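Both complexes shown next keep chain A, but they swap its partner, so chain B is in the first and chain C is in the second.
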Partner chain A sequence: MTATRERGAPAGARPGIRRAPLAKRFWAVLSRNSVFRTLGPFVPVVALWWLVAEAGVFPDAFFVGPDRVVAEIGELLRKGILPGYLSDSLTRLGYGVGFGLLIGLPMGFLTAMSLRVRKAVWPILLFFQAIADIAWLPIVIVWFGFSLTSVTFVIVYTIVFPLMLSVVAGVEQVPGELIRAARSLGAGRIRVFVEVILPGALPAVASGVRTGLGYGWRALVAAEIIVGTSGIGFMMFDARRVGDVSQVFLGMIVLGILWYMLDALILAPFEKATVERWGMVRSMEGDG
Partner chain B sequence: MTALVIENLNKVYTDAYSGEEVTAIGDVSFAVERGEFVSVLGPSGCGKTTVLNTVAGFVKPTGGVVEVDGSPVSDPGPDRGVVFQSHALFPWKTVLGNAVFGLRMKGVPRAERERRGREYLELVGLGGFERKYPHELSGGMQQRLGVARVLANEPAVMLMDEPFASIDAQTRRRLQEDLTRIFEERRPTVFFVTHDIDEAVFLSDRVVVLSGRPSTVQEIVTVDLPRPRTWREAVDLPEFREKVARINDLLSGGAGTGGGARVDSDSPVDVG
Partner chain C sequence: MTPDPVPAAGRHAPGGRAARRARRGPRAGFVGPTLWFLLPFVVLVAVWAVIVEVTGVPKRIFPQVDDVALALADMAASGELAEHLGASLYRVLMGSAIAIATGLPFGIALGASPALSAFFSPLLRFSVALAGIAWIPIATLWLGYGDGAVIFIVWNAMFFALAYNTMLGVRRIPTTLLRSARSMGASRWRMFWEVLLPGALPSVVSGLRIGLGYGWRGLVAAEIIASSAGLGYALFLAQKTFSTDVIIASMVIIGVLWLIMDRLLLAPLERRTIERWGMTGGAR
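Up next is the complex of A and B:
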C-alpha cells in the first residue's frame, strides 16, 4: 500500500517523513510487477538446477542443465516436432475436458438435486472412483485401439467423478436461508435452481473443474506414454528410450508451463470475475 | 382489515435420534391488522421463530391455521417476504439486483423494477450503492438491503426474524429508528420476532408475549406511544418504561399461565 506513494515521491522531498530503506522500496516496487511475481519464484529453482548441472554431480547422460534444454527447444521448434506434439496433446485434452464437463456437470447437479438419483448413483460413484484412470487403459485399448478415443475416454473418466463429487458438495454448501429467501420472494423451484443453487454452488464447482482439469492433464500424459503415437507424454517416453535426457526435461517443463498458462489465462480470470468478485472466496494472491 | 390470522397454531417436532416428541408451539392464536406493527416476544427457545417460519411457509404446522389476506398458507410465497437475522442476501447479485429480485420473479419489466428498486434503496438509505456487492456493505447496510428487498416486493406482510440481533448496539438503534420511520411513512404490515423487550416496545403497536415451551400467548400488550417515535423521546416517556416493565414481569415468570413460563429453560433442541 505504502509503495504507491513512495514510488512517486522524489528523494528527500518531504522533510520529516522518514523514507524506507532503498532495498525495501526496491522490493516493494518489484513485488508489484506481475512479470516478476510470475517468474521470480523460479529464479532460485533454475539457479539451483544450473548449479547442480555445472558442478557435474551427476553424469551428463542423466542430468542436463538449462542451457541444453533451451538448445533442445530451439531444435524441436525448428523441426516442427514440438508444435505438432503440443497441438496433439492439447487437442486430446480439449476433447477429454469438453466431454468430461458435458457429462460431469449435469450428472453432478442431477445427483445433488435428487435424493433418489443420489441413492442410486453414490455407490457406483465410489466404486468407480477406486479404479484408477490408468487401470482402464488395457481394456480401452482392446476396445478402441491406440486412438484418440482411448485417450479421450481415460481423460473423461478421470474428470467426471471428482467433478460430480464437487458439484454435490457445492450444492450442499448453498445456505438454506438463501433458498428460503428466494422462495419467499416468489421464486419457484426452477428459478431457485437457476438463480440460487447454480451461482451458490459455483465456488465448489470452480474448484472441482480445477481439480478435474489437473487430473485430466496428468491422465493425458500417462495415457500418451502408454497409448502414445504422438504428444508430449509420448515424446518424453520416446526420448528416454533413445537416451535423450534433455527431451525428458523439456517435456516436464512444457507440462508445467502449459498448466500454468491454463490457470493464468482461463481458470484464475474466471474465478476473479465471479466468486472472488462476489466475496464468496478470498483471492489466492491477496490484493494482487 | 386483517392481514394475518394465526389460529390455534401447534407444532410438534419428533427428534430424529431419540424419537422423542418436542412441542415447539403449544397453542398460539392472534391476528395482525393491515398496516400494523406486531412483535412477538418470548423466553429463548419458546418457538417464536417457529411461529414466523410457519407463517412464512417454511415449516408445516402440526395443527391450526395461518391465513394471510384471507387465504390459508401452505408454501412460501411473495405475499410474505422475510427479513432474516443472517441477512440472506444473494452474494452474486449487486445491491440493486438483490432489491429487484422479487419484482423480477413477478415478471415486472426491467425499467419499472429498477425504478422501484432504486426508490426502496433510497428509502432505506442505500441510494448510491446500487452497483456494490453485498460483501462490500457493513452489517447494518446489509440488513437495510434485506428490508428493501422485501419492501420492494410489496408483500401483504413483512416477516422479520430477529433482524438486528447480529448488529452492534449503536447501529442497531439507528436501524430501529429508521425502520420506525419507514413504517410510519409506508405503513407496511410487519410481523417482528425479537427477544429484545425495548426493541419490541419501541417499534410495535402491539406486542404478543409468549410463554415458555410449549408456548401459548400469555398476553398481548398494546403500545400506544405517539408516532413518529425516536429513542431520545421514547426512553423518557413513562408509558414506554411502564410497558417494558410489564413485559419484563410477564417474561420473568410471575404471571406464567398454562405450561408456565420457564425463562431459563435453554433447551438443547433449537426450535427457534
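Up next is the complex of A and C:
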C-alpha cells in the first residue's frame, strides 16, 4: 500500500519535482498520526478478508465476507438483540469486577501486611490460581444452577487470585528503607500503610487489575457459552449450533472491539499513570 | 509425568511427597521449603473436613475429603484418569509445539523489522484480546468437535502472547550488539541464531509462560464445550450426574498439573534464561 501510493502519485501527474515530496510528506504526516497508525493496518486486512470471501475459497457455510457481517449487525441492532445481549454481558462483567475488586484488594493487602500470613497463604493462593477458573463452572452450576450468580462467581474467582498475587508482589516491592524512613520520621502504622505502602504497591495492583480483567473477560465468554442463557458468548455458540457463521464472526468482532477499547482507553492509561507515580517514589528513594 | 503420583499426592500429599524427595537426594535445603509449601494444604484439608463434618452439608453439594480421595482412587483404578490425563496433555503439547514453531519466527521477524511491527502491532493487540476462548464456536465449526478444535484453541491462545513478547524481546536487544555482530560479518542466518534468538530468549520464555496460562484455561473450557475426552470433559460429565466428588477430584488434578507445569518447568526455565541473558549483557 505504501509503495503504490508513493510511486503512483508522481507517475500519474507530470514528472514535476514538487509533487513527489508532497506525496511523501503526506505519507509522513499520515504515518505519524496515531489514529491512522492504529486503524490503518485493519484496512488491508479487511480488504483481504473480503477478497477471500468473494473469491469463494471457503464454502459459504464456514466463511462469510465483511459485507454479510455488517448486514447482520444492522439486522441484530434493529431487532434489539445485540444491545440486549451486550448489556447482559457487560452487566455480568461489571458485577464480577466490582465484587472481585471489593474482595481481592482488601484480602491482598491483609495477606501482604504480615510476613507470617504471607508465608502460610502463598502456596494456597498459587494452587487456587492454578485451578483454571473455568474448571469451577461445573461445581458452581451444581450450587447455584444456570444463573447470573454462577457466572458472577466464576468472574469474581478469576479476578480475585491474580489480583491478590499482584498486591502481595507489589507490597513486597516497596523498598524497606522507605518504610523505615517513614517510621523513623514518626509515622504511625496506618500512615505508613496509606502513604508509603499503598502508593508504592499501586503499579503492581494496576497491572494485576489488568491481568485479572483479561482473564475475567475470557471466563465470561466461556461461562456464557456453557451456562447458555444470554450474552455475546451465548449468541455466538447458539449461532454456531444453527450454522449461522456471520453471527459467530460478528460476535468475535464485537468482543475484540470491546476489549480493545476497555484496554486501550481505561486500563492501559490507568496502569501508565500509576507507573509514572511510582517513578516519583523511585526518585525519592534515590534522593534519600 | 506418569499419572500415578497425582492421586497419591491428593490422598497423603505431605508424607509421600517429602519422603520421595528425601529418597531421591538428601538435600536438606530442599526438604524444608517443600514441607513449608505443603503445610498450608494440610491445614486447608483439615479445615475442609471439619467444616463438612460439623455443618453436615449433603454430599451432593459438597463432598467430604475421603469421598474425593475415593473418587480419585476410583478414577485411577478404572484407567479413566490416565485416559483423560493423556488426552489433555497430548493437546497441550501439540498446541504449544505448533505455537512455538509458528509464533517464535513470526515474533522475531516482527521485532527485526520496524515496518512489519508498525503494521502488525495494532492487529496483534486486537487478536490478543480475542485469543483463545472466543474462538471456540468458530473452531468447532471449522474443525468439528474433538482434538482438532481443542488443539486449535490452545495454539490460538498461545500464539499471540508468544509472538507479541518475542517481538518486544527482540526490540530490547541493544543496538550495539546488533551492529557489532553485523560489522564482524555475521550472516543473516548467524544473526538469527546467535544474536536475535538468544537475546530475545528471556522475553520469549515469559511470553511462553503467559501464553501457556491462557492456553491451559482455553484447554479446560474447550474440553468442557467441545470434546469427548480430557479433564474438562471429565468435569462436564460429572456435572451432568451431580457427582461433586468427581468434580472436585478433577479440579484438584487440574490445579496440581498446572502447578507442576508452571512452578517446576516454566519458572525455573525463566530464571535460567534470565541468568543467561545477564551473561550476554555482561559480555557487552
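Quick note on the criterion: the second predicted complex is superposed on the first by the 238 of 288 C-alpha atoms of A that agree within 3 Å, B and C clash if a C-alpha of one lies under 4 Å from a C-alpha of the other, contacts with A are read in each partner's own complex, and residues count from 1 in each chain.
The working rule: a residue touches a chain if its C-beta (ideal position, glycine included) is under 8 Å from a C-beta of that chain, and two chains touch if they have at least 3 such contacts.
Because the structure is predicted, anything quoted here is derived from the model rather than measured.
Asker: Now for A:Val29: first (chain B), second (chain C), both, or neither, which partner does it touch?
Answerer: Neither partner.
Asker: For A:Leu255, select first, second, both or neither according to whether it touches chain B, chain C, the two together, or no partner.
Answerer: Touch partner of A:Leu255: chain C, not chain B.
Asker: Would you sort A:Pro41 into first (chain B), second (chain C), both or neither based on which partner it touches?
Answerer: Second partner only, chain C.
Asker: With the two complexes superposed on chain A, say which partner A:Ile226 touches: chain B (first), chain C (second), both, or neither.
Answerer: The second partner, chain C, only.
Asker: Just to be sure I read the superposition right, which of the two partners does A:Ala187 touch: chain B = first, chain C = second, or both, or neither?
Answerer: first
Asker: Between chain B (first) and chain C (second), which does A:Ala239 come into contact with in this model arrangement: first, second, both, or neither?
Answerer: Only chain C; A:Ala239 stays clear of chain B.
Asker: Considering only touches as defined above, state whether A:Leu102 meets chain B (first), chain C (second), both or neither.
Answerer: Once the two structures are laid over each other on A, A:Leu102 reaches no partner at all.
Asker: Counting touched residues of chain A, say whether chain B or chain C comes out ahead.
Answerer: Of chain B and chain C, C contacts more residues of chain A.
Asker: Provide the residue numbers of chain C that touch chain A in the complex, in ascending order.
Answerer: 36-41, 43-44, 60-61, 118-123, 125-127, 129-130, 132-138, 140-142, 214, 216-221, 224-225, 231-232, 235-236, 238-239, 242, 244, 247-248, 250-252, 254-256, 258-259, 262-263
Asker: In their complex, what parts of chain B are in touch with chain A?
Answerer: Its residues touching chain A are 56-58, 75-78, 80-82, 84, 86, 88-92, 101-102, 105-106, 133-136, 149-150, 153, 159.
Asker: Spell out the part of chain A that touches chain C in their complex, as residue ranges.
Answerer: Touch residues, chain A against chain C: 31, 37-42, 45, 62, 119-124, 126-128, 130-139, 141-143, 214-215, 217-219, 221-222, 225-226, 233, 236-237, 239-240, 243, 245, 248-249, 251-252, 255-256, 259-260, 263-264.
Asker: Mind listing the chain A positions that touch chain B in their complex?
Answerer: Interface residues on the chain A side: 175, 177-178, 180-187, 191, 195-196, 199-200, 202, 274, 277-280.
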